[in-house]
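The structures considered in this document are given below.
Same chain, two partners: chain A is paired with chain B first, then with chain C.
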Partner chain A sequence: MAEYKWPEAEKRTLIGKRISRLDGPVKVSGKAKYTYDMNRPGMLYGKILRSPYAHAKIVSIDTSAAEGMPGVKAVRIIQGPGTEIQWQGDEIVGVAAVDEPTAEDAIRAIKVEYQILPHLVIDNDLQAAGDRAKPTQEEVRGDPEKAFKESDVIHEGFYGSSAMTHCCLEPHGCMSEWNGNELLVHVSTQNVSGIASQMAGPLKTTAGNIRVKQDHIGGGFGSKFGPDRWGIETAHLSKLAGGKPVKIMLERNAELMVAGSRPSAFAQVKVGAKKDGTLIAWESKSWGTGGITGGGLPSNNFPYVVVVPNARRQNITISNNVGGQRAWRAPNHPQLALATMAALDDLAAKLNMDPLDFFIKNIGLTGQRAEVYREELLKAAELIDWKKKWHPRGDTTAGNIKRGMGLSIHTWGGRGHNSDCDLTIYPDGSVEVKMGTQDLGTGTRTALAIVAGDAFGLPVSAIKVLIGDNRYPVSGGSGGSTTIGGVSSSTRRAAQDALEQLFAKAAPALKAQPGDLEAVGGKVRVKGDTTRSLTWQQACAKLGGMPLTVRGKNPGPPQELTNVGVGGAEMADVSVDTETGIVKVNKIVCAQDCGLIINMKLAESQCYGAMIMGVSYALYEERILDQATGRMLNANMEFYRLAGSGDIGELVVHMMTGKGYDERGVIGLGEPPVISPGAAISNAIANAIGVRVSVMPFTPDRVLKALETKGGNNARV
Partner chain B sequence: MPHNDEKFKEQRSGLSRRDFLKASSITLSVPLAINQKVARAAGTDVRVYGPGKVPITLNINGKTHTAEVEPRVTLLETLRHELDLTGAKRVCDRASCGACTVIIDGKTAYSCTVLAIEAQGKAITTVEGLSQGDKLHPVQQAIIDNDGQQCGFCTPGFVVACKAILDKHPSPTREQIHRGLSGNFCRCGTYVGLKAALAKMGAAHKAPAAQAGQKGGQ
Partner chain C sequence: MRAFEYTSPTTKQQAVALLESTWGPTAVLGGGTDLLDLMKDDVETPKRLVNIKDVKELQGIHLTKSGLRVGAAVKIEELVESPLVRHYPVVADAAREIASPQIRHMATVGGNLCQRPRCWYYRAGFGLLAQDKDGKPLALQGDNRYHAILGNSGPAYFVHPSSLAPALIACGAKIRLFGTNGEREMPLEEFYRIPASGQERENALSPNEIVTEVLVPSLAGTKSATYEVRQKDAFDWPLALASVVLKLSGNKVQSARVVMGYVAPTPWRSEEAEQALVGKTITEETAHSAGNAAVEKAKDLGRNGYKIQLARVAVKRAVLRAAKAGA
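== the complex of A and B ==
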């Protein structure tokens, strides 16, 4: 058995270099076809009638007018009379029509009578939640009571993260087309290999009859793992319409109401330290909701990253009448980071300590990666000139613009998921890598070409990458930053095995043993003897008439090519206008590790993107629900505002590489850098204006309220 | 499904047109040509379309395209549904996000809020019109080189916006880049690469000789 391992640094020709994404040209030219762009012959446009109420019972549904409309080809009741609807936007009736205007007219022609029931949609008021708030088991470590007694300084504070949405720019959606018993599905998904088995049951068919395809996806961020009710509905409507293709893409308001949200999290925190800054005691009571399903923070994850020896934690989960949560890029971590890092920052201020010194003082509490955190904090501090720019809490310079600095650290797992890769070398020298994975924009396609090309001494352009089809070998869903570790490992294993078999065929022609060969610079040659070589094509011709296909698998023995666990530190420099309450980001720096980096250019892009998304959720993004009507007030992109290009300040990324990092193997990166921006910005605001703005996003009204109340509890602004 | 499509269409169109004219106090004048209705509004004759499907002619990327759409259909939907020009994307559908950006008579426009009938007689450029076969527009190449894209769904809108910035300001200042990109949103967070791409294009414009030498006839 080959010894599977990553090449040594000096042998890497593509791995870790700065390589442009392979699908760049089709994306910039508008040729890339997303699910939304599917235009099949005879395709029908599907629409969904959704509940306008957060809680209601369906009394009756009359679809006769819609069914009688010219151009309407299928109408299907999804949830019938008697059903209790639990959130605004839930699916009631599906229609399919020859064009979109007709489908919209048909939706308007459907009459539904509801019995409206009482609802709860707000989530920041435990008293209002009443018996819909359910405490989970209290978690205790060490002796918190004793530790608080022994603390020289104790801080108590309130911190919160509002619920927000995924707001994928390509909304969720699907196109289904029956041909006899065979179903073709184009779906916007993070889970190409896993969709068919989720659709088979509801459609009363077998997964083997369902072909799932997706070339490109316009954003997922954790919200696109299932076919969803609307996706399954496309197949039902297609069947009713005689197998014609039916496409449903969610309208923007539905995308924001029902297609994914990050749970809210509020926490009352008490934290204690010795006067030298040694952290010894933690207590937190947290609450929040992921919507109707309840959910919220796993309380034993408090405090985040920094494992305080004595801790008491309890979480209260609220079930309200809002569509269910979905995994949002690094689920729970940004909320945990905010409450933890802000509480520790407040404690440092009370201790009159620079938070950088405070974190370094307690770095041992971060556990086995303490040295990584120390290196990352010091690197970030250098990049933002922390020691020169940081000042004690409250910018004392004249004028209404106050400047401040804040920091946060984070962690993530990121071990590679299960992945099968079929790698084929053709006798003409062409190479194909094939698996049922997907490229979320993270650069998965490019990574596969890099790994195979690096192994074969070929450029990325010589590798044909086939992904996005469930007929290809199974590869995991792209969640939890597990993709890069999984797909790079399976591809590396396949490439090493394929090369071994190719060398066996080529060795006689070079009068050498297979073990003496290497593939370098488009040649297969004898190690240490440049006179004995074949071009890659000549070597592949020795395969005979048949191509060679090898399957690589992750995980696989003897040792893993992927690993788990990363750190990361981010620091923010912000300005706050104390007259308007507007926060402006001047600069954010990020020092991030992720083991062996496959593509430096796109790894940095992940960090830049995560920091921008972080600015967005820290300053702007909030799902606003109205308790009076039970409705979402900002299910659009004017009032559900994303950060724009002018809002991000200067961003600096430093990837931790080299000794101590590379030999760990490949670890995922998509999630970790999105965790810290909220906490770092919160701390920077507190450093600027001298008071804590408790609830994120840090909008002007909350900033002004915090200034007015001198940091008093502003949870309910 | 039993339908009487023709009868329904006549009924619907007749009623709604009369109701519309009555309600808005605009007088119907003599048709200029067969199948054309004209209304007198604000002192001028205005052609009335629909409400059924009407034939339209659009000039897109230098070519003439025809389609039949209802008057309420936007330019974006016509591009995407009728002409299979799917580069421009529907995201917010109300002129907030810029994913549907096209250039109309030299100015960027949100094609989600332009009716297809309004866009007739104007020169429309979509993202598909920027590259010639596999040969990319230099700003497209600069966006690839600087990785100004991730999932790519907002990218066509940004490409068109970037092209429009450079048409106006071949060597844009930071402020011009900021203003020029402010009509577009990206969810993956590609602004760093996009701004770098525009800065590189500006620098290349300022030093064309050096750039031509480096890039060898690109």
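== the complex of A and C ==
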């Protein structure tokens, strides 16, 4: 067994370099096929009849007219009479027809009688929630009462994050096709290896009969781990239609209504410190909803990152008539960060302290990675010129445009998930890496080619990467920032084992011991003797007639190649128009660590993407639910706003690398950098206008209202 | 979307002959950037679409003795790029900011003027006046953060979504319509109306009439501008918009036209703001007073009070921008 480890810095030929994604050309040229693009011969189009009501009982369903329509090939009741529907958009009947308009006509021809029941959809009013608000156990650490008594300065504030949706640009969807007992499924998923077992039960078949494929995905963000009811329905409808392929991709409004949301979180916070800024006391009462399933914040995670020694926390979870929450990129962390970092920033203002000094002062409370946070804060401060640009609360320069600076820190786990990798070296020198993972847009394909190519002394172009098929070795779902650690570790192990076996075959020809060989620059050569070498192809020819396949695994003994626990600091520079309440981001900087970086370019891309998404949720994204009708009012892309390229400002990323970082092994990065933008922007707004805007997104109505309470200058324009 | 018959006449006589005399069964197709959405959402369910882009008489931008003549089928992007329209800064400002480049290349002037409100209750199928089963307006019970702050005493609470209409009304433009009964012409300002019942629409067009052109008098000797308050940098509906045309005598305002958009069920001309400007030199203070005057009668429906402030600012900034602009 090889001694598994990552190569030393000077030996890395591809790892850590800036390498463009392998799937870039097919994506920008439109050749990449997403699930949405799957069009099979004879394919039928599926549609779902959805409940228009947030809460209702189904009394009767009449599908006869739909069934009689020409072109309609299958109609199936998903939830029958007697069922209590708990949210608008819930699935009631599925239809498959020869084209989309016919399927839509069939949906309209179905008559459903509902008994309408009272609903609750709003989430920001605890009183309105009544007994649908359930408090969780209070969590106490230390002695908060005593600590507040000993505090020289106490701040109390209210902070909130509105619920938002995932709004994947490729909506959720699936195409199913039966061939006898075998089911082929193309699905837009973060979980290629895990879909079949979730479909088998409802379809009364075995997982081994289900083939799952996906080449490319247009966004998941945590909302695409399951086949979903509509995905399973494609298989039911296909069966009813004699095995013909049936595709359902969600319409944009359904995508926003039912395919995932990030829970809201509101918090009343009290925080106390000594005169010198030492944080000693925290109290929070938070509430929010993840929809019908309740859910919401784990209150013992308050305060976020900064472990205040004395703390009392309680969360109240509201169950309302909205589809259940789904993991949204770093579940709970952005909401926890907002309430924590904003409360601490307000406290720093009350202490007349620069928040950077305040955080550095309390850096010890971040625990064992305190020095990393210090380094990251100082790096971010340098990148944004904090010491020069920061000013005490309230920009005092003349005019209606006020500028301000804010910061936030964050944490995440990111240890690699379970992953099996089959690596094959063919006698002609070609190399293939195969596993049932998926490239969520994060660059997984490219990472696999880098890890294998680096081990073999070959360029990325020499590595064929096969992913996106559940017939390949099992690899985990892409959630929790666990993919890069998992797939790079299994590939590295496979590569080292494969190389060991190749060296054993090639060694006699070089008159050397296998242990004396190395693979460098397209050659297999004797270490320290450049005269004794074979080209990679000559060496592989020594395998004889048969290819060599090796299975690499993560986790795997003896040494771990992945690790857990990252930090990051982000700082924002914003301008606020105090006459209109419109916020513009000038610049955001991010200093982030994630252990050993496989691809510097795509690591930075993860941070850029996260910061863009951060600007979007900080300023624009909000699921607007209407208590009057029980409906989501902005299930579209005109009033569910996403940031555009003109809205994101200048973004600067600095990845922490080198000693202290690289030797930790590979750690995930998809989530951490998306946590801080909301909090940093919130703090920057407060710094600009001298008053806190409590609830995110920071839209003109909320900013103007905050200015009014301050008696700000908008009152006189 | 439901199946429909597609027709593409080449004369305006043929076009109106294809339209029914009641709303619903037929619809005029310009760029389709609004109509297709309405059809996808099943708010409009026409059996026949009458494409008017092949009608030559509806094309073209040209100068006449009395001013500018803009065909109804002219694309928004043509307005943006037309050297003739540059003499109408108030129109050019408005056109340039509409939606996105893709939409500006499809959407037409006539379509922009006749597009339906974006009220989320209307678009969800609750009707133009969006009432519950007891006849109570949903906009008053529900979420009205984007609804009207002026002209909102009912029964309509939506805002008119045209960015071009306020600019053209500020110019004193006329709209020309053609129907089975022939041609008629009216000031664009009078084209818009607040519907009194669910059977009425927000403009004077009959079901079997089409808009053929807009006639814009010369703005020679004036200064003009449009300013919109919009949250996003691009491709976003304005929260408030103001178009201003000023006629100056020396450095004093001789006459002014101030029209707001996105604040009322129609483009909203503010004579109060105009009066506040007449006889004044344009300064930060007078612009500010005009803004205040413009929203004197504005009313908060509960969630949209902030729009009063935004409308005030839009007027103020449009006035200041106009004063700085060329003729």
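In this section, the second predicted complex is superposed on the first by the 710 of 717 C-alpha atoms of A that agree within 3 Å, B and C clash if a C-alpha of one lies under 4 Å from a C-alpha of the other, contacts with A are read in each partner's own complex, and residues count from 1 in each chain.
As a convention for this text, a residue touches a chain if its C-beta (ideal position, glycine included) is under 8 Å from a C-beta of that chain, and two chains touch if they have at least 3 such contacts.
Small disclaimer: the values here were computed from a predicted structure and weren't measured.
After superposition on chain A, the partners chain B and chain C are seen to clash. In the superposed model, A:425 lies in contact with neither chain B nor chain C. Contact with chain B, but none with chain C, is seen for A:218 once the two complexes are overlaid on the shared chain. Of the two partner chains placed by the overlay, chain B and chain C both lie in contact with A:638. Once the two complexes are overlaid on the shared chain, A:646 sits against chain B and chain C alike.
Touch criterion met: A:705 reaches chain C, while chain B stays clear of it.
Set against each other, chain B and chain C differ in how many residues of chain A they touch, and the higher count belongs to B. By the touch criterion defined above, A:610 lies against chain B but remains apart from chain C after alignment on the C-alpha atoms of chain A.
When both complexes are overlaid on chain A, the residue A:680 reaches neither chain B nor chain C. With both structures placed on the common chain, the touch criterion links A:101 to chain B and to chain C. Residues 101, 636, 638, 643-644, 646 of chain A are contacted both by chain B in one complex and by chain C in the other.
Of all the residues in chain C, the ones that touch chain A in their complex are 1-3, 42, 118, 120-121, 123-124, 126, 132, 138, 141-143, 145-146, 229, 231-237, 239, 288, 291-292, 303, 306, 309-310, 312-313, 316.
Interface residues of chain A, counted against chain B in their complex, comprise 20-21, 23-25, 27-34, 36-37, 39, 67-73, 99-101, 167-171, 216-219, 221, 249, 251-252, 440-442, 601-602, 604-605, 608-613, 616, 636-638, 642-646, 648, 651. Interface residues of chain A, counted against chain C in their complex, comprise 101, 104-105, 108, 579-582, 619-620, 624, 626-629, 631, 633-634, 636, 638-639, 641, 643-644, 646-647, 699-701, 704-705, 714, 717. Residues 1, 3-5, 8-9, 70, 72-73, 77, 80-81, 84-94, 96-97, 99, 126-128, 130-131, 134, 136, 140-141, 143-145, 147, 149-156, 159, 177-178, 181-182, 184-195 of chain B touch chain A in their complex.
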